[in-house]
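Pasting in a structure now, in structure tokens, and then I'll have a few things to ask.
Lettered A, B, C and D in written order, each chain numbered from 1.
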Amino acid sequence: MCRWMGYRGEPIVPRTLLYEPERSLIAQSVRHGPDLLEPNGDGTGLGWYSRRETPAIFHSDSPAWGDENFRELADEIYSPMFLAHVRAGTGTPVQKTNCHPFRYQKWLFVHNGYIDSFDLLRRDLLMAVRPDLFSNIKGSTDSEVMFHLALTFGLADGETLFAARYASGPVVNTLYMSESVDAIRMLYPEHERLRRIPADARAVLSEPLSELPGVWREIPPSTALVVTDTPHQRPFRPQPPG
Amino acid sequence: MCRWMGYRGEPIVPRTLLYEPERSLIAQSVRHGPDLLEPNGDGTGLGWYSRRETPAIFHSDSPAWGDENFRELADEIYSPMFLAHVRAGTGTPVQKTNCHPFRYQKWLFVHNGYIDSFDLLRRDLLMAVRPDLFSNIKGSTDSEVMFHLALTFGLADGETLFAARYASGPVVNTLYMSESVDAIRMLYPEHERLRRIPADARAVLSEPLSELPGVWREIPPSTALVVTDTPHQRPFRPQPPG
Amino acid sequence: MCRWMGYRGEPIVPRTLLYEPERSLIAQSVRHGPDLLEPNGDGTGLGWYSRRETPAIFHSDSPAWGDENFRELADEIYSPMFLAHVRAGTGTPVQKTNCHPFRYQKWLFVHNGYIDSFDLLRRDLLMAVRPDLFSNIKGSTDSEVMFHLALTFGLADGETLFAARYASGPVVNTLYMSESVDAIRMLYPEHERLRRIPADARAVLSEPLSELPGVWREIPPSTALVVTDTPHQRPFRPQPPG
Amino acid sequence: MCRWMGYRGEPIVPRTLLYEPERSLIAQSVRHGPDLLEPNGDGTGLGWYSRRETPAIFHSDSPAWGDENFRELADEIYSPMFLAHVRAGTGTPVQKTNCHPFRYQKWLFVHNGYIDSFDLLRRDLLMAVRPDLFSNIKGSTDSEVMFHLALTFGLADGETLFAARYASGPVVNTLYMSESVDAIRMLYPEHERLRRIPADARAVLSEPLSELPGVWREIPPSTALVVTDTPHQRPFRPQPPG
């Protein structure tokens, strides 16, 4: 099971969210609770929007926790929107082209979950990708194919942070969004790091970065999240193509 | 342009051919003549037959010349048939799954050359691979697809070393085979390394390991080589499938 | 905390011990019990004695669990004595030169534990290494310096498997040795894998490969283990040099 | 022989100098003239000053020409001072901690050249490093030790770009500085890329990025270069410490 987080708001240094919280994404990747039995050590990635319309990407095929380049960039970058991912592979090779985020033009995509029996379905799913998108597939993961299928079936504008919590099977990986910074500050007026978080900041992520009550809103299954200045939810029910 | 070599004969330590000759495969990968302008630094691989029917494989995404694991294995292995490859990529990523040799059951495959406009043809060529072979494709190179197309259209038994020199365009990469060890020893009775080469040894490779006249036989274009105890050549003329 | 295992006995394929047991070294490196909170994902290594007097070494700076080269070698090698190690770094970089086993001539060395405040002591400890051994230090770990200090102060012959359980502080990492294969077979006459283990085999390791009672003997703290055909223990009490 | 370049001037995107010129640093690393027989494929690095007083660093143990992270950063960064390096190792391992630039506080350091018999001298040279700097040495190269010896014997302020051309032996690697952009534009008023180079820009580097006459000034041996708004040269004659 992979883990990831996305940020949207006034520019910040990603370190603030990726390294500093006690249960930061990097801490989650290495340290486990009793119910989290496997590390996220099969590569990592960071995609960020900054000077250019096209986002920049860093990929590493090493565990995030020991990657000095990742740490440097998380300290150096200053960005209003970024996505970070720590991978736990499900059978496909550990290599940079299998690391999230995946990119197409203005789009970045991360995923935690898997396509059951992907080994058997891979050929058919690849064939369903729009032919002009095919050469943008560089790796061999199910997630990258899903991204290109989503592009094939039409994605929106590439300026908003979207997230969806959905599974066709009984286990539905979690999805959380941070509450508004105003609301959180009212709960924790003394909290040091919160003072450095911009007022319009929103984090969307697979698991909370802290155990503070009132900070993290769990998004229900079969729900999509549209993170703008005024985030809202929608039902998420995949339709068969046709 | 990649480079490679294959060995068939009584077991030897690969170092004898991969590192010791002045123009060994490893030396070729780093040092260039005036007409060889690019290094073979985009990964390397070694496949060898030994205790088991299935060959073993080592792949590295680093240049061969500085890879300590490659050097250790070349010194430790003792094998009657092995294939080594040093890669110069032609646009596909530098990663282990793009390194030769590729393997399927008893088969090993190496290649130097390329499919022109592979980016455009990749989808169609992948679709032409026999569906049950599809999940054995782990990387993104033209060479790996060619191997699986060859498997699709029927390859022989997997006990002989085959080589083919062929190009549809005007430049045809070279192919050489060593002459019989008896013949070479008669030419160079004092040569030290030759004494350690088994009497039935044959090397097949993209470029000679030395400039000694009489040691390396150039195979003509559009020719296939079948290396058994008594190697022979055949015309090689691809036919359109169907 | 690193983990490791050593084997001594009639030649076996390392996969038998490294991959097959439910709590194999590779399984230990990725999957954790409630009390084992960190993965061993900061590189891995395998050293084995085979055709030559000098052992061969494979090092990887990736986690063992996803390393295809490691898996290939564990299947291909056939050796009467080998050492495997999975690393959890304690501050020094993740790189091949920091991976165990370390080698000097006939010697191989693995370690789990650390030198407290190594950052402060490193210069003094390096200076205490015999000058002619200095250039054999390739990495930056405390373990490699310990090995060279041991060589400096005199190690035995390099033909026996030695292990020591010792700590100057209150936490003493565990050390186990497998009981004699005869004794184990009497306890578990139906056990499949045991039939493939040679009669004289002994495994020495940081943590048991199974929960079977009667298979693993815990070695007490401050004890050295000398693994020959008739293994024995000795008190282990470091003396100040001089 | 390594290759490197440094930039000082109004902020630019490093790609402009690292990738675009026909003989860019990346092109130099892979493609060779008849007199340049070895690639610079043993790792690469980029250090840049930007938002913070401390420079940021990216290191890769892969060849620069195939490194996608390097290419991304060269496109994304926007910096008034950066140093890039492509390595050709001289015996020390290929690993990130052996990649230039090296960093200490505000300082960055790159080097092309070597210390003869470093294997024999390494211990003594390490001992001559100021003890409080010792723990900043992460790798095993002669260049990193030289940097820490320079720090030991006193370096200036860390706000200027310094370069020195010097060798104690007969071969003295080259050093060049670009002429003033005004002067170059007068020579090549139609040149496209030059219009994007800031008026105050200076590049300092081991070998020219083009064959355009009048663009690159060769710095004589035993000379130090101080690159400020008004660059100047000084004699460079090392003194024995004491």
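Operating definition for what follows: a residue touches a chain if its C-beta (ideal position, glycine included) is under 8 Å from a C-beta of that chain, and two chains touch if they have at least 3 such contacts.
Predicted model, so just to flag it, every value in this text is computed and none were measured.
Peer 1: From chain A, which chain is the farthest off, judged by mean CA positions?
Peer 2: That would be chain B.
Peer 1: Repeat of A-B among B-C, A-D or C-D, where over half of the residue-numbered contact pairs coincide, is which pair?
Peer 2: Looking at which residue pairs coincide with A-B, the repeat is C-D.
Peer 1: Roughly how many whole angstrom separate the Cα centroids of chain A and chain C?
Peer 2: Here the centre of chain C sits 38 Å away from the centre of chain A.
Peer 1: Counting only residues that touch at least two other chains, what does the list for chain A look like?
Peer 2: 61, 68, 93, 96
Peer 1: Could you pull out which chain A residues touch chain D in their complex?
Peer 2: Per the touch definition, chain A meets chain D at residues 50-52, 56-60, 68-69, 72-73, 75-76, 78, 96.
Peer 1: Hey, which residues of chain D end up touching chain C in the complex?
Peer 2: Touching chain C: residues 61, 93, 95-97, 119-120, 122-123, 126-127, 131, 134-135, 138-140 of chain D.
Peer 1: Looking at the complex, which residues from chain C come into contact with chain A?
Peer 2: That would be residues 30-32, 34, 37-39, 41-42, 61-63, 65-68, 89, 93-94 of chain C.
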